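Order as written gives the chain letters A, B, C and D; numbering starts at 1 within each chain.
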Amino acid sequence: MKRIKTAVFGTGFVGRIHVEGIRRLGNVEVYAIGVGPDDDGPKFASELNVERVSSDYHQLLKDPKIDAVHVCTPNALHFPIAKASLEAGKHVLCEKPLAVSVAQGRELVELARRTKLRNCTFHNLRFYPMVQQARQMCQSGELGDLLIVQGTYSQDWLLYDTDWNWRLVSAEGGPSRCLADIGSHWCDAIEHITGKRISSVCVDLATFHKTRKRPKAAVATFAGKTLRPEDYDEVLVDTEDYAAVMFRIGDRTRGCFTVSQVSAGRKNSFRWEIYGTKSGLAWDGERQDELWIGQRSAPNQLLLKDPSLLNPKARTYADLPGGHSEGYDDTFKQLFRRFYNSIENPNAEPDYPQFADGLRQLTILEAELASHQRRGWVDVSTER
Amino acid sequence: MKRIKTAVFGTGFVGRIHVEGIRRLGNVEVYAIGVGPDDDGPKFASELNVERVSSDYHQLLKDPKIDAVHVCTPNALHFPIAKASLEAGKHVLCEKPLAVSVAQGRELVELARRTKLRNCTFHNLRFYPMVQQARQMCQSGELGDLLIVQGTYSQDWLLYDTDWNWRLVSAEGGPSRCLADIGSHWCDAIEHITGKRISSVCVDLATFHKTRKRPKAAVATFAGKTLRPEDYDEVLVDTEDYAAVMFRIGDRTRGCFTVSQVSAGRKNSFRWEIYGTKSGLAWDGERQDELWIGQRSAPNQLLLKDPSLLNPKARTYADLPGGHSEGYDDTFKQLFRRFYNSIENPNAEPDYPQFADGLRQLTILEAELASHQRRGWVDVSTER
Amino acid sequence: MKRIKTAVFGTGFVGRIHVEGIRRLGNVEVYAIGVGPDDDGPKFASELNVERVSSDYHQLLKDPKIDAVHVCTPNALHFPIAKASLEAGKHVLCEKPLAVSVAQGRELVELARRTKLRNCTFHNLRFYPMVQQARQMCQSGELGDLLIVQGTYSQDWLLYDTDWNWRLVSAEGGPSRCLADIGSHWCDAIEHITGKRISSVCVDLATFHKTRKRPKAAVATFAGKTLRPEDYDEVLVDTEDYAAVMFRIGDRTRGCFTVSQVSAGRKNSFRWEIYGTKSGLAWDGERQDELWIGQRSAPNQLLLKDPSLLNPKARTYADLPGGHSEGYDDTFKQLFRRFYNSIENPNAEPDYPQFADGLRQLTILEAELASHQRRGWVDVSTER
Amino acid sequence: MKRIKTAVFGTGFVGRIHVEGIRRLGNVEVYAIGVGPDDDGPKFASELNVERVSSDYHQLLKDPKIDAVHVCTPNALHFPIAKASLEAGKHVLCEKPLAVSVAQGRELVELARRTKLRNCTFHNLRFYPMVQQARQMCQSGELGDLLIVQGTYSQDWLLYDTDWNWRLVSAEGGPSRCLADIGSHWCDAIEHITGKRISSVCVDLATFHKTRKRPKAAVATFAGKTLRPEDYDEVLVDTEDYAAVMFRIGDRTRGCFTVSQVSAGRKNSFRWEIYGTKSGLAWDGERQDELWIGQRSAPNQLLLKDPSLLNPKARTYADLPGGHSEGYDDTFKQLFRRFYNSIENPNAEPDYPQFADGLRQLTILEAELASHQRRGWVDVSTER
């Protein structure tokens, strides 16, 4: 009953889902958590039922019992913690975005290559069964040649100028907000599903709230909704609330998507549509178990998640029988299972997004920001 | 029991819906039809049960009994027939696009102004009850300041390179296909609903099938689907199958939409989403009686068409009680009712799209085509 | 340009849809309307643009110009007017229910047989394209042997005890309300689609509002919603607001449905599901153009109305191309077209519900009411 | 870091979800598993990463380290194992149905009362956030007086006569199949949501496949779908594939539902609709995060699971932010958290279904089976 020992850095919304998700595996122990300098460590340790807690990640990384780490801190800390972890010989699973610049991302990819440690950028949305089904259908040619890709990732949790979160501060979140946080999920999913690369982009960004009201006390992601305006600082916002992106992908495919954190009523509306010369696909992450399959000369299909109806390769991503819904947190389990399996089996090919995939999204983001500046098309570097 | 007498030019898919729609009014008689030079006029007259038929529109327009005409021919004939009709003193309802160039459109607007005759560009999609409801909600401020407008108009009837229709020939359909045919509906609806003007556009066009196979015999719009490849001519296609458009509208609102006639499974998927600082709206023309209302701090709403629940101004566009669906052809009736009412009541303000609205769409289209050429943003002329 | 002349009796909600629907055909003239004794006849004649108007149906039926009549009055008048019309040699299209008792229905069927006049009970809901598609799929064996039929017909327009309509008075509407008005539509559709006969029923009725408040002025069907409580008479209600029905149909098929006029939020929710040994079907009349096809070993399908995808026999019920919605009023047109075609072509087989089908529904209704009385199963007479 | 130690009996489909769900809590250890006599215990222990394994539950229950047990075996073993567990002083969480007869259920309730141990019948479907939201809305009076409750629980995994599972054998599964397995979930949810008691029932059962083909090798629940007919024994089936139930609930509310395991295309279609004098609710477990709220005089609502929009009491059942889906397995976590919390806190009121609730469902089931026999209405015992 040997268990791999892991440490989770960050105890916000997503860090807690990591802790719970890791435990589902059975063969991995959440051994330690890394908390922020102002956090009450012992309280977290007791609440989350973990053995060790520390606000000093350097200190924690010296513990030889720790095999792997999860980096779930604000974006700007991804790079230093991931780097220190690799240098300490730990396998690293890092939340997206991998870093806040292409240069940082490149350094992490290089370091991971050198240390030969397992490395993962947490693009968990790939791990919905229906996303995998779409991938298999696209890549097996069931759609024919791809023509059009379109969709959106829209949320409303930053609609009001009284909504506040660390992601609004570019010093903590990086120079892009909407495209970095959710646009990167959209692009990663599309490249993963289609097996094609976005080659150029033309982008329009908007910051609707030029200033926002920062409350004096800190607020967790998504928690802002229940706050009421009280004591605020007026803060300049230099990251985008919205972006539209036209793009070219692969040889002849055209694409278009929007991202927004200010779309009233859209809680986490991650949608894409893919049309080929034979058939089309559409998916909505809020109805995650349904895949629409469009046909010209036959009825459209509505495939409800059911292992017996999925492509054999997609089937391993679904643990429950047909019609028994698997949700957002199940994508965590699916990814973690594969990540830790690759740690236990040094010869296993990684079947999850790695640091190179995180760097890829930073590269696309760099082109997106440049395109908005130039008000025209910009090529995406093909560096790997 | 005086009845207004009208003539319908064009007997294709849409011409026949006009004939049927006019008759629903009760006070207008379909007195004549104008057929094509190769058509069997008497057969059409008998089939459609009309008194007069002619393939010579000049001849027909001399008939003083005719009060009004509907122009439902291929696009390139809109201008000459509409012009001749106005000159003959007839009220004119013209299918969209009003013409195939801005110059033609401008001439028709000017002529209509001079002759003081009733004139309508047939943007019938405004006449869905839920589109009117959206318009009232937007313009009354229920959505707050508008931030984002997005959507698509996607079809699949030209997916295969064996699909053929006169619209594919730029000499008959004009220099743009997808944007002119369905993009113009999308933009007209958005400007009508929001009350705002598109001020600049950035466009990406694609013609996926550079050549298509033209059958030796003629084929009606939408009817191509049941054909089988047989004897074809290979024809170069110079109009777009797909377009993506980013745009600015009003003072601060951003927008993005796609149009396509090659999206497998999308039969007539006219969708838009509008997000403001207070709430959002979404509509899908294939579920025409439902309006989604997005809210940040309250449950979203799903308004099913029901006169008792509509804004009083929108209510007059719904003839049937709640849950009794009204479809695509009912938009014809609603528009015709208003058009003929304005003929019967010379003092009535026209409450339907006029030639000026048709010109407006041609002006936007001109900017869209220029934007694709320049691969960048182009301003839309504000001429009225 | 000979036109059949028809008279419409009744000018309420449904009578007006009849008038408009008849006119769509082009070869039938709405020549006369029959109004109620308290109606302002000339006003109706002018508003509806018809030549003759009368509140005396006997008088009107003497007019030899009238070829056919539509009976759209309150239920209790169906029998006398339909009877008089047949006796006057007119073809008769009668709203459902055909009569308010089995005995009356039987007399009308017999009279129609004797006079050899065209006769139709207006079960228009058969005429949705997707209902016809379902019928073709069931009867061609695509579903295998049928096992289960279930669904509902739910509305909310009588939810409040201040809602008033003539249908609430059994003297005008007959001894059953919910089952007679909408349950009969449900059963007719199911027998039509499956080609099987309901053989026994077990029923539970409920009248939630034992009394209702009748306003002093009359109120049109569905219009009550915009009224405000003012001056009312308290009236005892002896017809049901709700019914549940379990039934046997055909050899081995089981069924179950509910009807209600007090289900908040359901405007006109006519839904059925049919499951066979091979596949299943589901339909919702508020999304009339979509047919769900359930499969065990393949993805489910969502067939959007598109003539090119329909069974050839169902295709003739769809006039518009794929994705162009056809609504409730289009079922009127489809039925009328077939009814008048059978008048013009004396040899044509009637392809619409006849008086015998109306009698059939009265027979089922009689068993349903008896079952509720006995609190157990009752066989349905197989008389034709 | 004290952890409660638990044992899980049964390693089928549902047993494995229990194991994974328990681990998510962090403070409970899956210490042992009980396997069947023919199972390879060590293999299971290694695969599931648990310390102890045994096929002798009496033996296992002697282990003083075990605090609690989960009974996830075939139905007929629920009673003996639950009984032995209570007698051994263990807290017991038992899958539904609690037992295969009312007498057994009564004995367990009595024993639990005597031993004062925590006891739970696993009606996990109560634990969807939107089910809790519905409960709060019903019980706070937002719906007004309840009038109608209807719905279905339909599956298709036993559609073919080649589908096999232990549940088909009444000796293992009990005298009822469909009603016991999924009907009990439906009734439990409805009584939980409405706070009312089903008082009488009128039931129609059907066994469409009188015989089924049993494969020579055993097959897990839901796994049958991928099997192919090979070597089978023909077996008589004496439990129902389908049931329709009309019922009375509370003072004036009427109800109706169906259950089926042979409805092609319905994978796990658990749906209910509840209508009151003020508003209505509808829910579909395959779109578990959406609650439809029907209104007569205002737009309907579509509440997407979002803690900030839920009733405060329902909010604690949702761990993820708005639009981040929570699935079927999350109901396990929610229930387990409350069950183990009540073990850690002896004074806590149990906020989960107890053995008495399991007995309640057995009592309803007994009436349902009696009603089918008598072909009429049967009262449900009010014993608690």
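The rule is simple: a contact is a pair of C-beta atoms (placed from the backbone, for glycine too) under 8 Å apart; a residue touches a chain by one contact, two chains touch by 3 or more.
Computed from a predicted model, the values in this text were never measured in an experiment.
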- Where are there more C-beta contacts: B-D or B-C? B-C
- Quick one: which chain's Cα centre is the longest way from subunit B's? D
- Calculate how many whole Å lie between the centre of subunit B and the centre of subunit C, each centre taken as the average of the chain's C-alpha atoms. 34
- Message: Can you work out the whole-Å distance between the CA centroids of subunit A and subunit B?
- Response: 41
- Separation of mean Cα positions, subunit D and subunit B [Å, integer]: 54
- Note on the structure: Note: subunit C residues in touch with at least two other chains are 225, 266, 292-293, 297, 300, 304, 308
- Given the complex with subunit B, which residues does subunit D contribute to the contact? 292-293, 297-304, 308-309
- Message: So in the complex, the part of subunit A that touches subunit D is made up of which residues?
- Response: 1, 3, 13, 17, 19-21, 23-27, 30, 48-51, 155, 157, 221-222, 225-226, 266-269, 285-289, 304, 306, 308, 319-330, 333
- Within the complex, subunit A is touched by subunit B residues 143, 147-148, 150, 152, 154, 156, 159-160, 202, 204, 206, 208, 225, 241-242, 244, 246, 252, 254-256, 258, 260, 262-266, 273, 275-280, 292-297, 300, 375-377
